[in-house]
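Presented sequentially are two complexes of chain A, the first with chain B as partner and the second with chain C.
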Partner chain A sequence: MSALAVLLPRQPAAVGSEWGAARMPSALRSRKTIAALAILGAVWTAAAWAAAPVDRPSVLALAVKWAPLIFGGFLFNLLVSVAAMALGTAAGVLLGLAQISLLRPVQAASWAVTQFFRNAPWLVLLFFAMFLLPFEWRIGGVTVPFPAWLKAMLGLALPVLANVSEIVRGGVLSIPLGQWESAESLAFSRRQILWRIILPQAVKRMIPPWMNLYAILTMATTLISVVGIQDAMTLTRGALVAEARTDLYLPLYFMLLLMFFAYCYPIARYTQVLERRFAVRG
Partner chain B sequence: MDGTADFFRWLAEAHRIDVSIAYDPLDRKRFLIGLWTTIWLSGVCIGSSILVGLIGAWLHGARSAAARGAVQVFVQFFRNTPPLVQLAFFYFAVSAALPPVTDRFGASVPLIDNVGWAIVSFSLFAGAFNVEIFRSGIEAVPRATVEAAESLGYTRLAAYRHVVLPLAFRVCLPALGNNLVNLVKTTTLAYAIGVPELLYAASQVWSEVFNVREMMVVLLLTYVALVAVLVHGLRRWERAMRIPGYSA
Partner chain C sequence: MNPGHVLGAPIVVLNRVEKRFGDNPVLRDVSFSVARGECVCVIGPSGSGKSTLLRAINALVPISAGSIAVDGIEVNDPKLDKLALRRRVGIVFQQYNLFPHKTALDNVMMAPIHVLKENPAEVEARARALIAKVRLTGKEAAYPGELSGGQQQRVAIARALAMNPKVMLFDEVTAALDPETKKEVLVTVRELAAEGMTCLLVTHEMGFAREVADHVYFTEDGVIVEHGPPAEFFGSPKQARTRAFLDQVL
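Moving on to the complex of A and B:
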């Protein structure tokens, strides 16, 4: 009841502003509308809480109670994303360089691998890794276990490596041919040209799409919940099952969405800034 | 057809390469239904996500600051949160908040079923990307072109319809194609809420026949083929719509 009492005096003010709204400029009016809607929503939520039986904890209290556990799961998602990105980038750079190889078979094979893994759905590749990799390796006489979370990281690294491969190829091809020709005329070898002249310039252009890929990967890490690994998504569902409250579904899932948003949105913004900074002036 | 079935039956018996969908009628039917569901789901989502994108891009150019702000919030939120969580949010949370309806047998069923929520969720997800794509396409049309159209007596709407949009569409077709390919791949997430699409059908087959390896290869090849068909179609369309002398 206390929340309701705080909000009640504000209600007439909101209604009053709606009355005078007709004469206001449209931008101002829409802002007033939003404010009115927000207040209405707050009153409604407060009323819903107040109407709930006293012995049942409020939705907010439950959300606060489960937040640390779900956040822990979210940190695991981030760990998986970093590991899969590191693995995928290391393999993808090699594959990308193979795509610009002068050896025809190497080029064709790496192109085919890249296209295959780039065009297959992430979830299918994850299933692919989960089911087809063995659960233990036998090296000599020693049996090394191969846990599910490691397989999941490999499964997520597959699409990453294909995308990194395309980013590397695209970055190298974006450097004007004149750079290659002038370096050749200065008697640089092909390897020297690539490492000393082309790649240092190309890396700048590869960073924005690479960061974009990382954000996509971070969001894709929730897929591991589908193949039975405990992550933020699994924990959210577990919390909902434990509480068995339908009114908790919206807040908890929204909280999970917000965690990802808070992590991925700054990355997206920074990517845009870098894109603008590294843009080719034409 | 019989010869093919016999060949795969022999392959399963002699070499333990069990492509059961090639000779078992039940498995084949399941797989084909899954394939059709994926194609159908992708088609519907492509259509509605383009619609979402067009509406969003149009609202983004609106005079009302609130409309522009709302579009921005929508786009940024859907672009920067995991599609799987969005799907769960709609299917479990929003669905629970909506009132149930009574079907013709008198049973209480949710207002929108899992296929419906998959369509809503994927359309909004891909639509958020489409808004940005269409907006950048519209911005790429030079101001002078619009002014030229206006000086020829076009109204604002007519200039939009006959000049700006046709040009903008050609500019954003490659980006749109990429996003639609992504959308087709995203439809696999519907597996998580039990929509009987391709991945779901394949998992049913392999959990009964224990031919994970073979089905996985079939599945990957099918998706790569689906995407290849879409990419090929888009490329042909792009070429057919090319205006000589106007390169995007």
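Moving on to the complex of A and C:
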């Protein structure tokens, strides 16, 4: 706890003035960010170590002891994120294409579905999926269990599909009308125009927001701990309950934060790189 | 004037064409025809409905009343065979509108291969010849982003020609170009006209209209104010409005 008081004033100052906003080569900047985090973590651990009573295992030893379990949980979060993203993307692409359909009812229905799921809190959608879907399916005479983690994955896929739908629609609409017009004048059919001319150009513009959405989804997978699934968050809480040590709270949650950071930060950086690259050619 | 070729029967015929966007009339009672092999220039102030006129001929914009026929095809027929019409009519736009994700050669080859389902090898030979014709040999593999405006516009011309059209429409094709690159494009259009291609140009290039056109139309507010052979039209315009416009631009 005392370590936190020492460190808090340091961090914003460092990020704000010296390292963060200044225009630096991106590799250098990201190295500095990671260095800052490493220092933060090291000082924290050392402080916690020093503060630990001699007759009890140190905070560091406990963190090392629980790390594999929590990391396993973290891998499960990643699995959920990849599955929800894949499902949400597949459904979202179809929904997004339906949004630009010339058939009024198709367009209106897909628009409504998109807006509904896009403007709903993710946690509420997750509960919605957990309680709406049955815990098992009866197909013929066979009972197929429908595990909670699968339901949670579907629940997270809902906001993803709505956001992907908007990314697809926006990407298609971002292509100048002249492209449609010239393709039409060359007698291409609407389907050919979409698949051969518009989408190949639009996909490039869709990738950065799609990756951004994935990073947000990955962080949001910790929500599934609320509905009782054994993810990294649940396991961390379990470890803390098992140890019953208040000085372990911050280090353990910080370790979990670091895992997510190590995974999501490179995605965010690469998204920016892509955005810049596509912006030049635009 | 093009004394080199003889004009044939009308291939594009507009009869009392009206176009309104809401309550706003863009074309009012426009009638004229273009003969096979003729080069017609339409001039006039911006916003006088010239671009809409070209788009209507290619069925990119539906008309409100009247009729348009291209090579015997009724453009405003609800059962219009768009493919048949668009095979006959090529259009080149002010902003080139090349497909940026395809090379110059692919831009030219795409429609014949995917729309006309022609043999790719034959299409490629024709496309290479067309690129040579617009003086871009060596640029086949270049992407539109790597070409200058004038080069892109010439690729766009080759792309339209690849469909073997009978009529070529040019919508202010030099308006976005600087004077030097303008010339390259105009030379290409002049060659086409000289070869006997039926050309309908909306243009601000008075020098080009005077030199190349067989007939010049002056439109304002969606109405044809005056028309005639270029010598007459530029030499002794009858309407006060035409004279005022020509005084301004010449």
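The criterion applied here is as follows: the second predicted complex is superposed on the first by the 226 of 282 C-alpha atoms of A that agree within 3 Å, B and C clash if a C-alpha of one lies under 4 Å from a C-alpha of the other, contacts with A are read in each partner's own complex, and residues count from 1 in each chain.
FYI, contacts are C-beta pairs under 8 Å (C-beta built on N, C-alpha and C of every residue); 3 or more make two chains touch, one makes a residue touch a chain.
What you are looking at is a predicted structure, and each value in this text was computed from that prediction instead of being measured.
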| item | value |
| --- | --- |
| Partners on chain A (chain B, chain C) - clash or fit | fit |
| Touching partner for A:Ala220 - first (chain B), second (chain C), both, neither | first |
| Which superposed partner A:Leu256 touches (first chain B, second chain C, both, neither) | first |
| Touched partner set for A:Met233, first chain B, second chain C, both or neither | first |
| Touched partner set for A:Gln192, first chain B, second chain C, both or neither | second |
| Partner chain(s) touched by A:Phe116 [first = chain B, second = chain C, both, neither] | first |
| Touched chain A residues, chain B compared with chain C | B |
| Per-pair minimum CA distance [chain C against chain B, superposed on A] in Å | 21 |
| Footprint overlap on chain A, where chain B in one structure and chain C in the other make contact | none |
| Of all residues in chain C, those that touch chain A in their complex | 55, 58, 60, 82-83, 86-87, 89-91, 93, 95, 97-101, 110-111, 114-116, 145, 156, 159-160, 163 |
| Chain A residues touching chain B - in the complex, by the definition given at the top | 26-27, 30-31, 33-34, 115-116, 119-125, 127-128, 131-132, 215, 219-223, 225-226, 233, 236-237, 240, 246, 249-250, 252-254, 256-257, 260-261, 264-265, 268 |
| Complex contacts: residues of chain B adjacent to chain A | 63-67, 76-77, 79-86, 88-89, 92-94, 96-97, 181, 185-189, 191-192, 199, 203, 212-213, 216, 219-220, 223-224, 227-228 |
| Partner chain C, residues of chain A touching it in the complex | 176, 178-179, 181-188, 192, 196-197, 200-201, 281 |
